[in-house]
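Structure in C-alpha coordinates, see below.
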Amino acid sequence: MQRNQALMRERPIAIQSDLDILVARQKGRALAQELGMSSTDQTVVATVISELARNILLYAKLGTLSLSAEQHNGRRGIVIVAKDRGPGIPDVERALQVGFSTSNSLGLGLPGVRRLMDDFEIVSKVDNGTIVTARKWKS
Amino acid sequence: MEVPILKQGSYLIGSVQSALTDADLRQLRDVLVAKVGRFRSLGVIVDVTAMDVMDSFAARTLSDIAQMVRLRGAQMVIVGIQPEVAFSMVQLGLTLEGVATALDLEEGLSLLDMTTKNRGRNDLARLR
Amino acid sequence: MQKVQDRDPVVLTTKETSAELLRELVAHLRQNRAQLREEWARLITEAKLLTVMTREEIFAEATSVYDNYVEALETGTLEALQAYSRNLSERIIPRGVQTDEVLGIVLLLRDVLARSLFARSRTDFDKLNRILDAYEPAANRIATTVAVGFVQERERTIREQQEAIRELSTPVLQVRERLLILPIIGVIDPQRARQLTEQLLRGIRTNRARVVVIDITGVAAMDSNVANHLVLTVEASRLLGATVIVTGLSPEIAQTLVNIGVDLTKMNTVGDLQGGIEEAERLLGYKVVPVEKAES
(Lines give C-alpha, C1' and ligand atoms only; values in the text may rest on other atoms or scores of the structure.)
Protein backbone atom coordinates (compact mmCIF):
# COMPACT_ATOMS: atom_id res chain seq x y z
CA MET A 1 0.00 0.00 0.00
CA GLN A 2 3.02 2.26 0.31
CA ARG A 3 3.91 2.53 -3.30
CA ASN A 4 2.97 5.41 -5.55
CA GLN A 5 0.43 4.68 -8.20
CA ALA A 6 0.81 6.53 -11.45
CA LEU A 7 -2.50 8.03 -12.42
CA MET A 8 -1.54 9.32 -15.78
CA ARG A 9 1.50 10.22 -17.78
CA GLU A 10 1.95 13.09 -20.19
CA ARG A 11 4.50 13.07 -22.96
CA PRO A 12 7.63 15.01 -22.06
CA ILE A 13 7.64 18.59 -23.28
CA ALA A 14 10.72 19.63 -25.21
CA ILE A 15 12.29 22.79 -23.82
CA GLN A 16 14.17 24.65 -26.50
CA SER A 17 12.85 28.17 -26.42
CA ASP A 18 11.11 30.53 -24.06
CA LEU A 19 7.82 29.72 -25.77
CA ASP A 20 8.20 26.18 -24.49
CA ILE A 21 8.44 27.54 -20.98
CA LEU A 22 4.99 29.07 -21.37
CA VAL A 23 3.56 25.87 -22.78
CA ALA A 24 5.02 23.81 -19.97
CA ARG A 25 3.73 26.00 -17.21
CA GLN A 26 0.27 26.29 -18.70
CA LYS A 27 0.08 22.52 -18.90
CA GLY A 28 1.31 22.31 -15.33
CA ARG A 29 -1.34 24.67 -14.12
CA ALA A 30 -4.03 22.76 -16.01
CA LEU A 31 -2.92 19.48 -14.49
CA ALA A 32 -2.79 20.94 -11.00
CA GLN A 33 -6.27 22.30 -11.49
CA GLU A 34 -7.52 18.93 -12.70
CA LEU A 35 -6.16 17.38 -9.54
CA GLY A 36 -8.20 19.84 -7.54
CA MET A 37 -5.30 21.84 -6.10
CA SER A 38 -5.91 25.28 -4.61
CA SER A 39 -5.25 28.28 -6.79
CA THR A 40 -2.19 29.13 -4.72
CA ASP A 41 -0.78 25.67 -5.33
CA GLN A 42 -1.57 25.90 -9.03
CA THR A 43 0.51 29.05 -9.17
CA VAL A 44 3.26 27.38 -7.17
CA VAL A 45 3.37 24.53 -9.67
CA ALA A 46 3.36 26.87 -12.67
CA THR A 47 6.09 29.02 -11.14
CA VAL A 48 8.30 26.04 -10.31
CA ILE A 49 7.91 24.69 -13.83
CA SER A 50 8.82 28.08 -15.20
CA GLU A 51 12.00 28.23 -13.15
CA LEU A 52 13.08 24.66 -13.84
CA ALA A 53 12.42 25.04 -17.55
CA ARG A 54 14.31 28.30 -17.54
CA ASN A 55 17.29 26.65 -15.92
CA ILE A 56 17.31 24.11 -18.72
CA LEU A 57 17.35 26.88 -21.32
CA LEU A 58 19.98 28.91 -19.55
CA TYR A 59 22.46 26.17 -18.83
CA ALA A 60 21.77 23.33 -21.22
CA LYS A 61 19.96 25.09 -24.08
CA LEU A 62 17.87 21.95 -24.54
CA GLY A 63 16.01 19.52 -22.33
CA THR A 64 12.65 18.06 -21.43
CA LEU A 65 10.04 18.72 -18.82
CA SER A 66 7.64 15.91 -17.93
CA LEU A 67 4.45 16.20 -15.99
CA SER A 68 2.50 13.37 -14.46
CA ALA A 69 0.11 12.59 -11.66
CA GLU A 70 0.60 10.09 -8.89
CA GLN A 71 -1.26 8.70 -5.95
CA HIS A 72 0.26 7.88 -2.59
CA ASN A 73 -1.58 6.89 0.55
CA GLY A 74 -4.80 8.14 -0.89
CA ARG A 75 -3.40 11.53 -1.77
CA ARG A 76 -2.99 12.73 -5.30
CA GLY A 77 -0.10 14.79 -6.48
CA ILE A 78 1.73 16.21 -9.44
CA VAL A 79 5.22 15.13 -10.43
CA ILE A 80 7.54 17.42 -12.36
CA VAL A 81 10.72 16.07 -13.90
CA ALA A 82 13.15 18.47 -15.55
CA LYS A 83 15.90 16.75 -17.50
CA ASP A 84 18.81 17.99 -19.52
CA ARG A 85 22.19 16.82 -20.79
CA GLY A 86 23.86 20.10 -20.09
CA PRO A 87 27.01 20.98 -18.22
CA GLY A 88 25.62 19.80 -14.89
CA ILE A 89 26.00 21.49 -11.53
CA PRO A 90 29.47 21.06 -10.08
CA ASP A 91 28.50 21.71 -6.47
CA VAL A 92 24.91 20.64 -5.90
CA GLU A 93 25.17 21.09 -2.15
CA ARG A 94 26.11 24.71 -2.53
CA ALA A 95 23.43 25.31 -5.15
CA LEU A 96 20.87 24.09 -2.64
CA GLN A 97 21.97 26.41 0.12
CA VAL A 98 19.49 29.10 0.90
CA GLY A 99 20.76 32.43 -0.30
CA PHE A 100 22.94 30.93 -2.98
CA SER A 101 21.12 32.67 -5.79
CA THR A 102 20.55 36.27 -4.94
CA SER A 103 17.18 37.81 -5.45
CA ASN A 104 16.34 39.17 -8.88
CA SER A 105 19.17 37.21 -10.44
CA LEU A 106 18.51 34.70 -13.15
CA GLY A 107 18.37 31.00 -12.93
CA LEU A 108 18.90 28.22 -10.46
CA GLY A 109 16.60 29.29 -7.62
CA LEU A 110 16.74 25.66 -6.46
CA PRO A 111 16.42 26.42 -2.75
CA GLY A 112 13.21 28.25 -3.58
CA VAL A 113 11.90 25.37 -5.66
CA ARG A 114 12.66 22.98 -2.82
CA ARG A 115 10.84 25.22 -0.37
CA LEU A 116 7.80 25.48 -2.60
CA MET A 117 7.44 21.78 -3.34
CA ASP A 118 6.70 18.89 -1.01
CA ASP A 119 9.30 16.49 -2.38
CA PHE A 120 12.47 17.50 -4.16
CA GLU A 121 15.29 15.49 -5.62
CA ILE A 122 18.21 16.47 -7.82
CA VAL A 123 20.82 14.43 -9.59
CA SER A 124 23.52 16.26 -11.44
CA LYS A 125 26.87 15.27 -12.92
CA VAL A 126 29.37 17.54 -14.59
CA ASP A 127 29.13 17.21 -18.38
CA ASN A 128 26.42 14.63 -17.98
CA GLY A 129 23.37 16.68 -17.25
CA THR A 130 20.85 17.27 -14.53
CA ILE A 131 17.57 15.72 -13.46
CA VAL A 132 15.32 17.54 -11.05
CA THR A 133 12.28 15.74 -9.70
CA ALA A 134 9.74 17.65 -7.66
CA ARG A 135 6.35 16.67 -6.29
CA LYS A 136 3.46 18.55 -4.83
CA TRP A 137 0.59 16.77 -3.13
CA LYS A 138 -2.95 18.02 -3.02
CA SER A 139 -3.64 19.03 0.54
CA MET B 1 1.90 39.73 -27.50
CA GLU B 2 2.50 43.43 -27.36
CA VAL B 3 1.62 45.23 -24.15
CA PRO B 4 -0.68 48.20 -24.81
CA ILE B 5 0.68 51.43 -23.33
CA LEU B 6 -1.50 54.42 -22.56
CA LYS B 7 -0.34 57.93 -21.98
CA GLN B 8 -2.16 59.64 -19.14
CA GLY B 9 -0.79 63.13 -18.69
CA SER B 10 2.78 62.79 -17.54
CA TYR B 11 2.33 59.09 -16.80
CA LEU B 12 2.57 56.00 -18.95
CA ILE B 13 0.42 53.00 -18.11
CA GLY B 14 1.20 49.59 -19.52
CA SER B 15 -1.29 46.79 -18.92
CA VAL B 16 -0.12 43.25 -19.39
CA GLN B 17 -2.91 41.28 -21.04
CA SER B 18 -1.68 37.71 -20.83
CA ALA B 19 1.34 35.52 -20.25
CA LEU B 20 4.40 37.17 -21.76
CA THR B 21 7.20 35.50 -23.64
CA ASP B 22 10.77 36.62 -23.03
CA ALA B 23 10.62 38.54 -26.29
CA ASP B 24 7.44 40.31 -25.17
CA LEU B 25 9.13 41.40 -21.96
CA ARG B 26 12.15 42.73 -23.79
CA GLN B 27 9.88 44.59 -26.16
CA LEU B 28 7.96 46.10 -23.24
CA ARG B 29 11.23 47.29 -21.81
CA ASP B 30 12.38 48.88 -25.04
CA VAL B 31 9.06 50.55 -25.75
CA LEU B 32 8.67 51.98 -22.26
CA VAL B 33 12.19 53.36 -22.17
CA ALA B 34 11.71 54.95 -25.57
CA LYS B 35 8.37 56.49 -24.68
CA VAL B 36 9.58 57.84 -21.35
CA GLY B 37 12.32 59.56 -23.27
CA ARG B 38 10.01 60.86 -25.96
CA PHE B 39 7.28 62.17 -23.66
CA ARG B 40 9.51 63.00 -20.73
CA SER B 41 7.12 61.08 -18.52
CA LEU B 42 7.35 61.46 -14.77
CA GLY B 43 5.79 58.13 -13.92
CA VAL B 44 5.30 54.64 -15.32
CA ILE B 45 2.78 52.11 -14.13
CA VAL B 46 3.03 48.49 -15.20
CA ASP B 47 -0.15 46.58 -14.39
CA VAL B 48 0.57 42.88 -14.03
CA THR B 49 -2.89 41.80 -12.85
CA ALA B 50 -3.13 39.35 -15.74
CA MET B 51 0.23 37.74 -15.08
CA ASP B 52 -0.48 34.41 -13.49
CA VAL B 53 3.19 33.58 -12.96
CA MET B 54 6.15 35.81 -12.23
CA ASP B 55 9.41 34.00 -12.73
CA SER B 56 13.01 35.17 -12.40
CA PHE B 57 13.23 36.51 -15.94
CA ALA B 58 10.06 38.57 -15.58
CA ALA B 59 11.17 39.89 -12.20
CA ARG B 60 14.60 40.77 -13.50
CA THR B 61 13.23 42.50 -16.60
CA LEU B 62 10.73 44.54 -14.61
CA SER B 63 13.53 45.53 -12.27
CA ASP B 64 15.63 46.57 -15.23
CA ILE B 65 12.80 48.65 -16.64
CA ALA B 66 12.41 50.44 -13.33
CA GLN B 67 16.10 51.26 -13.25
CA MET B 68 16.24 52.38 -16.84
CA VAL B 69 13.25 54.69 -16.67
CA ARG B 70 14.55 56.12 -13.42
CA LEU B 71 17.70 57.13 -15.25
CA ARG B 72 15.44 59.02 -17.60
CA GLY B 73 13.65 60.77 -14.78
CA ALA B 74 10.58 58.62 -14.30
CA GLN B 75 9.29 56.79 -11.24
CA MET B 76 7.94 53.32 -11.87
CA VAL B 77 5.29 51.46 -9.91
CA ILE B 78 4.27 47.85 -10.46
CA VAL B 79 0.64 47.15 -9.62
CA GLY B 80 -1.68 44.18 -9.59
CA ILE B 81 0.59 41.40 -8.35
CA GLN B 82 -1.82 38.64 -7.33
CA PRO B 83 -1.61 37.16 -3.81
CA GLU B 84 -0.71 33.68 -5.12
CA VAL B 85 1.93 35.12 -7.40
CA ALA B 86 3.43 37.21 -4.58
CA PHE B 87 3.53 34.11 -2.39
CA SER B 88 5.43 32.05 -4.96
CA MET B 89 7.73 34.90 -5.92
CA VAL B 90 9.09 35.59 -2.48
CA GLN B 91 9.77 31.90 -1.88
CA LEU B 92 12.01 31.97 -4.94
CA GLY B 93 13.73 35.06 -3.65
CA LEU B 94 12.13 37.37 -6.20
CA THR B 95 11.34 40.36 -4.04
CA LEU B 96 11.53 43.14 -6.65
CA GLU B 97 13.69 45.03 -4.23
CA GLY B 98 14.17 48.59 -5.31
CA VAL B 99 10.94 48.72 -7.28
CA ALA B 100 7.86 50.47 -5.94
CA THR B 101 4.70 48.40 -5.80
CA ALA B 102 1.05 49.14 -5.15
CA LEU B 103 -2.13 47.10 -4.97
CA ASP B 104 -3.82 48.29 -8.14
CA LEU B 105 -3.99 51.05 -10.71
CA GLU B 106 -5.79 53.45 -8.38
CA GLU B 107 -3.23 52.98 -5.62
CA GLY B 108 -0.42 53.18 -8.12
CA LEU B 109 -1.59 56.50 -9.51
CA SER B 110 -2.06 57.80 -6.00
CA LEU B 111 1.49 56.80 -5.11
CA LEU B 112 2.88 58.43 -8.23
CA ASP B 113 0.96 61.62 -7.47
CA MET B 114 2.48 61.71 -4.01
CA THR B 115 6.01 60.98 -5.02
CA THR B 116 6.24 63.03 -8.18
CA LYS B 117 4.82 66.07 -6.43
CA ASN B 118 7.49 65.85 -3.81
CA ARG B 119 10.36 65.34 -6.16
CA GLY B 120 11.81 68.65 -5.18
CA ARG B 121 12.00 67.73 -1.55
CA ASN B 122 12.77 64.03 -1.50
CA ASP B 123 15.88 62.41 -2.84
CA LEU B 124 14.59 60.68 -5.95
CA ALA B 125 17.16 57.95 -5.82
CA ARG B 126 15.90 56.77 -2.48
CA LEU B 127 12.31 56.46 -3.54
CA ARG B 128 11.68 52.88 -4.57
CA MET C 1 11.70 9.78 -1.51
CA GLN C 2 9.08 7.53 -2.99
CA LYS C 3 9.83 5.91 -6.29
CA VAL C 4 7.08 5.17 -8.72
CA GLN C 5 6.80 1.40 -8.67
CA ASP C 6 5.65 -0.78 -11.50
CA ARG C 7 2.21 0.10 -12.61
CA ASP C 8 0.59 -3.33 -12.78
CA PRO C 9 -2.73 -3.43 -11.03
CA VAL C 10 -2.39 -4.87 -7.57
CA VAL C 11 -2.62 -8.63 -8.05
CA LEU C 12 -2.94 -11.44 -5.58
CA THR C 13 -0.38 -13.98 -6.54
CA THR C 14 -1.83 -17.41 -6.94
CA LYS C 15 -0.47 -20.61 -8.34
CA GLU C 16 -2.20 -22.77 -10.93
CA THR C 17 -3.94 -25.11 -8.49
CA SER C 18 -4.62 -22.23 -6.12
CA ALA C 19 -6.50 -20.54 -8.92
CA GLU C 20 -8.71 -23.54 -9.32
CA LEU C 21 -9.31 -23.78 -5.64
CA LEU C 22 -10.20 -20.14 -5.43
CA ARG C 23 -12.71 -20.57 -8.23
CA GLU C 24 -14.28 -23.42 -6.34
CA LEU C 25 -14.26 -21.37 -3.19
CA VAL C 26 -15.87 -18.40 -4.86
CA ALA C 27 -18.58 -20.61 -6.29
CA HIS C 28 -19.28 -21.99 -2.86
CA LEU C 29 -19.44 -18.53 -1.34
CA ARG C 30 -21.85 -17.38 -4.01
CA GLN C 31 -24.08 -20.41 -3.60
CA ASN C 32 -24.32 -19.92 0.14
CA ARG C 33 -24.45 -16.18 -0.04
CA ALA C 34 -27.77 -15.72 1.69
CA GLN C 35 -27.02 -17.85 4.69
CA LEU C 36 -23.40 -16.77 5.17
CA ARG C 37 -24.33 -13.14 4.93
CA GLU C 38 -27.11 -13.65 7.43
CA GLU C 39 -24.75 -15.31 9.85
CA TRP C 40 -22.22 -12.57 9.46
CA ALA C 41 -24.78 -9.85 10.11
CA ARG C 42 -25.86 -11.72 13.21
CA LEU C 43 -22.27 -11.92 14.48
CA ILE C 44 -21.81 -8.22 13.86
CA THR C 45 -24.77 -7.39 16.04
CA GLU C 46 -23.69 -9.87 18.69
CA ALA C 47 -20.24 -8.32 18.82
CA LYS C 48 -21.94 -4.95 19.24
CA LEU C 49 -20.29 -3.49 16.18
CA LEU C 50 -21.78 -0.76 13.97
CA THR C 51 -24.15 0.18 16.77
CA VAL C 52 -24.80 3.55 15.11
CA MET C 53 -26.50 1.74 12.26
CA THR C 54 -29.91 0.08 12.17
CA ARG C 55 -30.29 -3.62 11.45
CA GLU C 56 -31.53 -2.86 7.97
CA GLU C 57 -28.54 -0.63 7.28
CA ILE C 58 -26.13 -3.23 8.57
CA PHE C 59 -27.74 -5.83 6.38
CA ALA C 60 -27.57 -3.60 3.32
CA GLU C 61 -23.90 -2.78 3.87
CA ALA C 62 -23.17 -6.39 4.69
CA THR C 63 -24.57 -7.37 1.34
CA SER C 64 -22.35 -4.91 -0.51
CA VAL C 65 -19.25 -5.83 1.44
CA TYR C 66 -19.93 -9.53 0.96
CA ASP C 67 -20.31 -9.18 -2.79
CA ASN C 68 -17.26 -6.98 -3.14
CA TYR C 69 -15.29 -9.39 -0.98
CA VAL C 70 -16.19 -12.38 -3.09
CA GLU C 71 -15.49 -10.46 -6.26
CA ALA C 72 -12.05 -9.52 -4.98
CA LEU C 73 -11.37 -13.17 -4.30
CA GLU C 74 -12.58 -14.04 -7.76
CA THR C 75 -10.79 -11.44 -9.83
CA GLY C 76 -7.65 -11.39 -7.73
CA THR C 77 -7.51 -7.61 -8.06
CA LEU C 78 -8.20 -5.14 -5.31
CA GLU C 79 -8.93 -1.90 -7.13
CA ALA C 80 -12.69 -2.25 -7.10
CA LEU C 81 -12.53 -3.12 -3.44
CA GLN C 82 -10.32 -0.12 -2.69
CA ALA C 83 -12.80 2.16 -4.40
CA TYR C 84 -15.71 0.58 -2.58
CA SER C 85 -13.88 0.82 0.73
CA ARG C 86 -13.26 4.55 0.30
CA ASN C 87 -16.84 5.07 -0.72
CA LEU C 88 -18.12 3.14 2.28
CA SER C 89 -15.80 5.05 4.58
CA GLU C 90 -16.99 8.38 3.24
CA ARG C 91 -20.50 7.35 4.20
CA ILE C 92 -19.92 5.87 7.61
CA ILE C 93 -17.23 8.15 9.05
CA PRO C 94 -19.65 11.06 9.51
CA ARG C 95 -21.90 8.63 11.38
CA GLY C 96 -19.16 8.00 13.89
CA VAL C 97 -18.06 4.50 12.95
CA GLN C 98 -14.64 3.72 14.37
CA THR C 99 -11.64 1.95 12.91
CA ASP C 100 -11.89 -1.02 15.22
CA GLU C 101 -15.46 -1.61 14.09
CA VAL C 102 -14.53 -1.67 10.44
CA LEU C 103 -11.62 -3.98 11.03
CA GLY C 104 -13.80 -6.05 13.32
CA ILE C 105 -16.53 -6.70 10.79
CA VAL C 106 -14.12 -7.54 8.01
CA LEU C 107 -12.32 -10.03 10.21
CA LEU C 108 -15.63 -11.53 11.24
CA LEU C 109 -16.51 -12.05 7.60
CA ARG C 110 -13.16 -13.62 6.98
CA ASP C 111 -13.80 -16.01 9.87
CA VAL C 112 -17.38 -16.82 8.83
CA LEU C 113 -16.18 -17.74 5.37
CA ALA C 114 -13.22 -19.71 6.68
CA ARG C 115 -15.47 -21.72 8.98
CA SER C 116 -17.79 -22.41 6.10
CA LEU C 117 -14.91 -23.73 4.02
CA PHE C 118 -13.83 -25.80 6.94
CA ALA C 119 -17.27 -27.28 7.39
CA ARG C 120 -17.41 -28.16 3.71
CA SER C 121 -14.08 -29.99 3.45
CA ARG C 122 -13.60 -31.23 6.94
CA THR C 123 -13.31 -34.83 5.93
CA ASP C 124 -10.51 -34.10 3.49
CA PHE C 125 -7.69 -32.55 5.48
CA ASP C 126 -5.37 -32.33 2.55
CA LYS C 127 -7.90 -30.46 0.47
CA LEU C 128 -8.79 -28.27 3.40
CA ASN C 129 -5.15 -27.34 3.80
CA ARG C 130 -4.85 -26.41 0.17
CA ILE C 131 -8.03 -24.41 0.22
CA LEU C 132 -6.93 -22.52 3.27
CA ASP C 133 -3.51 -21.96 1.69
CA ALA C 134 -5.29 -20.29 -1.19
CA TYR C 135 -7.84 -18.48 0.88
CA GLU C 136 -5.88 -17.07 3.78
CA PRO C 137 -3.42 -14.77 2.02
CA ALA C 138 -6.20 -13.50 -0.21
CA ALA C 139 -8.52 -12.90 2.72
CA ASN C 140 -5.81 -11.10 4.64
CA ARG C 141 -5.02 -8.81 1.73
CA ILE C 142 -8.70 -8.00 1.53
CA ALA C 143 -8.96 -7.21 5.21
CA THR C 144 -5.94 -4.93 4.96
CA THR C 145 -7.31 -3.16 1.91
CA VAL C 146 -10.60 -2.37 3.54
CA ALA C 147 -9.02 -1.23 6.79
CA VAL C 148 -6.39 0.92 5.09
CA GLY C 149 -9.02 2.50 2.86
CA PHE C 150 -10.99 3.42 5.94
CA VAL C 151 -7.99 4.83 7.76
CA GLN C 152 -6.91 6.93 4.79
CA GLU C 153 -10.38 8.38 4.52
CA ARG C 154 -10.36 9.18 8.22
CA GLU C 155 -7.00 10.89 7.90
CA ARG C 156 -8.30 12.95 5.04
CA THR C 157 -11.31 14.00 7.09
CA ILE C 158 -9.11 14.94 10.03
CA ARG C 159 -6.86 17.02 7.78
CA GLU C 160 -9.88 18.88 6.48
CA GLN C 161 -11.10 19.54 9.99
CA GLN C 162 -7.70 20.78 11.07
CA GLU C 163 -7.60 23.11 8.10
CA ALA C 164 -10.99 24.50 9.05
CA ILE C 165 -9.89 25.03 12.65
CA ARG C 166 -6.79 26.83 11.52
CA GLU C 167 -8.85 29.12 9.34
CA LEU C 168 -11.13 29.96 12.22
CA SER C 169 -8.36 30.52 14.70
CA THR C 170 -6.34 32.99 12.67
CA PRO C 171 -8.56 35.93 11.85
CA VAL C 172 -7.29 38.84 9.85
CA LEU C 173 -9.00 41.85 11.36
CA GLN C 174 -9.83 45.05 9.63
CA VAL C 175 -9.91 47.75 12.29
CA ARG C 176 -9.72 50.87 10.19
CA GLU C 177 -9.92 51.58 6.57
CA ARG C 178 -6.72 50.44 4.89
CA LEU C 179 -5.40 48.90 8.11
CA LEU C 180 -5.30 45.23 8.91
CA ILE C 181 -4.22 43.55 12.09
CA LEU C 182 -3.08 39.97 12.25
CA PRO C 183 -2.64 38.79 15.84
CA ILE C 184 -0.77 35.50 15.96
CA ILE C 185 -1.16 33.36 19.03
CA GLY C 186 0.34 30.09 20.03
CA VAL C 187 2.39 27.61 18.13
CA ILE C 188 3.03 28.10 14.47
CA ASP C 189 3.88 25.07 12.42
CA PRO C 190 4.92 25.42 8.79
CA GLN C 191 1.45 24.59 7.54
CA ARG C 192 -0.21 27.16 9.73
CA ALA C 193 2.41 29.74 8.81
CA ARG C 194 1.68 29.19 5.18
CA GLN C 195 -2.03 29.42 5.70
CA LEU C 196 -1.61 32.66 7.65
CA THR C 197 0.34 34.18 4.81
CA GLU C 198 -2.22 33.19 2.22
CA GLN C 199 -5.04 34.57 4.35
CA LEU C 200 -3.19 37.80 4.98
CA LEU C 201 -2.36 38.38 1.33
CA ARG C 202 -5.96 37.74 0.31
CA GLY C 203 -7.07 40.05 3.09
CA ILE C 204 -4.77 42.81 1.86
CA ARG C 205 -6.31 42.61 -1.55
CA THR C 206 -9.91 42.38 -0.38
CA ASN C 207 -9.60 45.19 2.15
CA ARG C 208 -7.21 47.27 0.06
CA ALA C 209 -4.99 47.55 3.07
CA ARG C 210 -2.01 49.84 2.94
CA VAL C 211 -0.67 48.93 6.35
CA VAL C 212 -0.67 45.62 8.18
CA VAL C 213 0.23 45.16 11.81
CA ILE C 214 1.39 41.62 12.58
CA ASP C 215 1.38 41.13 16.31
CA ILE C 216 3.47 38.25 17.60
CA THR C 217 3.18 39.00 21.30
CA GLY C 218 1.35 35.72 21.74
CA VAL C 219 4.01 33.64 20.05
CA ALA C 220 6.27 31.96 22.53
CA ALA C 221 9.06 30.84 20.31
CA MET C 222 9.85 30.72 16.67
CA ASP C 223 12.29 28.47 14.91
CA SER C 224 14.34 29.77 12.03
CA ASN C 225 11.97 28.30 9.43
CA VAL C 226 8.98 30.15 10.76
CA ALA C 227 11.05 33.28 11.29
CA ASN C 228 12.09 33.06 7.67
CA HIS C 229 8.48 32.65 6.76
CA LEU C 230 7.63 35.84 8.63
CA VAL C 231 10.20 37.70 6.57
CA LEU C 232 8.74 36.26 3.37
CA THR C 233 5.29 37.34 4.49
CA VAL C 234 6.51 40.89 4.97
CA GLU C 235 8.09 40.85 1.52
CA ALA C 236 5.02 39.40 -0.13
CA SER C 237 2.80 41.99 1.53
CA ARG C 238 4.98 44.72 0.14
CA LEU C 239 4.48 43.33 -3.35
CA LEU C 240 0.79 43.99 -2.81
CA GLY C 241 1.58 47.54 -1.82
CA ALA C 242 1.18 47.09 1.93
CA THR C 243 3.65 48.12 4.61
CA VAL C 244 4.03 45.66 7.45
CA ILE C 245 4.67 46.63 11.05
CA VAL C 246 5.69 43.77 13.33
CA THR C 247 4.83 44.23 16.98
CA GLY C 248 5.44 42.22 20.10
CA LEU C 249 8.87 41.02 19.09
CA SER C 250 10.43 39.30 22.10
CA PRO C 251 14.21 39.44 22.57
CA GLU C 252 14.38 35.72 21.79
CA ILE C 253 12.55 36.06 18.51
CA ALA C 254 14.57 39.15 17.64
CA GLN C 255 17.68 37.04 18.16
CA THR C 256 16.31 34.27 15.91
CA LEU C 257 15.67 36.80 13.18
CA VAL C 258 19.16 38.21 13.48
CA ASN C 259 20.58 34.69 13.40
CA ILE C 260 18.93 33.94 10.09
CA GLY C 261 20.38 37.10 8.67
CA VAL C 262 17.49 39.53 8.90
CA ASP C 263 18.50 43.16 9.10
CA LEU C 264 16.17 44.32 11.84
CA THR C 265 16.79 47.93 10.97
CA LYS C 266 15.09 47.24 7.67
CA MET C 267 12.08 45.59 9.29
CA ASN C 268 9.45 47.90 10.64
CA THR C 269 9.07 46.87 14.28
CA VAL C 270 7.34 48.46 17.22
CA GLY C 271 7.29 47.27 20.83
CA ASP C 272 3.63 46.56 21.39
CA LEU C 273 0.40 46.29 19.49
CA GLN C 274 -0.93 49.63 20.63
CA GLY C 275 2.22 51.37 19.53
CA GLY C 276 2.04 49.52 16.26
CA ILE C 277 -1.47 50.70 15.56
CA GLU C 278 -0.49 54.27 16.33
CA GLU C 279 2.43 54.02 13.97
CA ALA C 280 0.16 52.55 11.32
CA GLU C 281 -2.31 55.41 11.67
CA ARG C 282 0.52 57.83 11.43
CA LEU C 283 1.62 56.22 8.19
CA LEU C 284 -1.88 56.32 6.81
CA GLY C 285 -2.51 59.86 7.96
CA TYR C 286 0.49 61.31 6.24
CA LYS C 287 0.08 62.81 2.81
CA VAL C 288 3.64 61.92 2.02
CA VAL C 289 5.26 58.73 3.16
CA PRO C 290 8.42 59.89 4.92
CA VAL C 291 11.59 59.00 3.10
CA GLU C 292 13.03 56.96 5.98
CA LYS C 293 9.97 54.75 5.91
CA ALA C 294 9.80 54.35 2.17
CA GLU C 295 9.63 50.56 2.23
CA SER C 296 7.17 50.55 -0.63
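To keep things simple, chains are lettered A, B and C as they appear, and every chain counts its residues starting from 1.
Note that in this section a residue touches a chain if its C-beta (ideal position, glycine included) is under 8 Å from a C-beta of that chain, and two chains touch if they have at least 3 such contacts.
In this text, all values refer to a predicted model and were calculated from it rather than measured experimentally.
*Asks:* Suppose chain centres are the mean of their C-alpha atoms. Which chain sits farthest from chain C?
*Replies:* B
*Asks:* Return the chain pair with more inter-chain C-beta contacts, choosing between B-C and A-C.
*Replies:* B-C
*Asks:* Just give me the whole-number Å value for how far the CA centre of chain A lies from that of chain B.
*Replies:* 28
*Asks:* With chain centres defined as C-alpha means, what is the inter-centre distance between chain B and chain C in Å?
*Replies:* 42
*Asks:* Once you find the CA centre of chain A and the CA centre of chain C, what distance in Å lies between them?
*Replies:* 25
*Asks:* Using the touch definition from the top, which residues of chain B touch two or more other chains?
*Replies:* Residues 82-84, 87, 89, 91, 95-96 of chain B each touch two or more of the other chains.
*Asks:* Provide the list of chain A residues touching at least two other chains, using ranges where the numbers run on.
*Replies:* In chain A, residues 40 touch at least two other chains, as defined above.
*Asks:* Which chain C residues reach two or more other chains?
*Replies:* Within chain C, the residues that touch at least two other chains are 198.
*Asks:* Any idea which chain C residues touch chain B in the complex?
*Replies:* For chain C paired with chain B, touching residues are 197-198, 201-202, 204-205, 208, 210, 232, 235-242, 287-289, 291, 294-296.
*Asks:* Looking at the complex, which residues from chain B come into contact with chain A?
*Replies:* 19, 21-23, 52-57, 59-60, 63, 82-85, 87-89, 91-97
*Asks:* Once bound in the complex, which stretches of chain A touch chain C?
*Replies:* Residues 1-6, 40, 70, 72-75, 79, 98-99, 119, 121, 139 of chain A touch chain C in their complex.
*Asks:* Spell out the residues on chain A that touch chain B in their complex, using ranges where they run on.
*Replies:* 18-19, 21-22, 25-26, 29, 39-40, 42-44, 46-48, 50-51, 54, 101-107, 109, 111-113, 115-116
*Asks:* Considering only the defined contacts, which chain B positions touch chain C in the complex?
*Replies:* 79, 81-84, 86-87, 89-91, 95-96, 100-104, 107-108, 111, 114, 118, 122-123, 126-128
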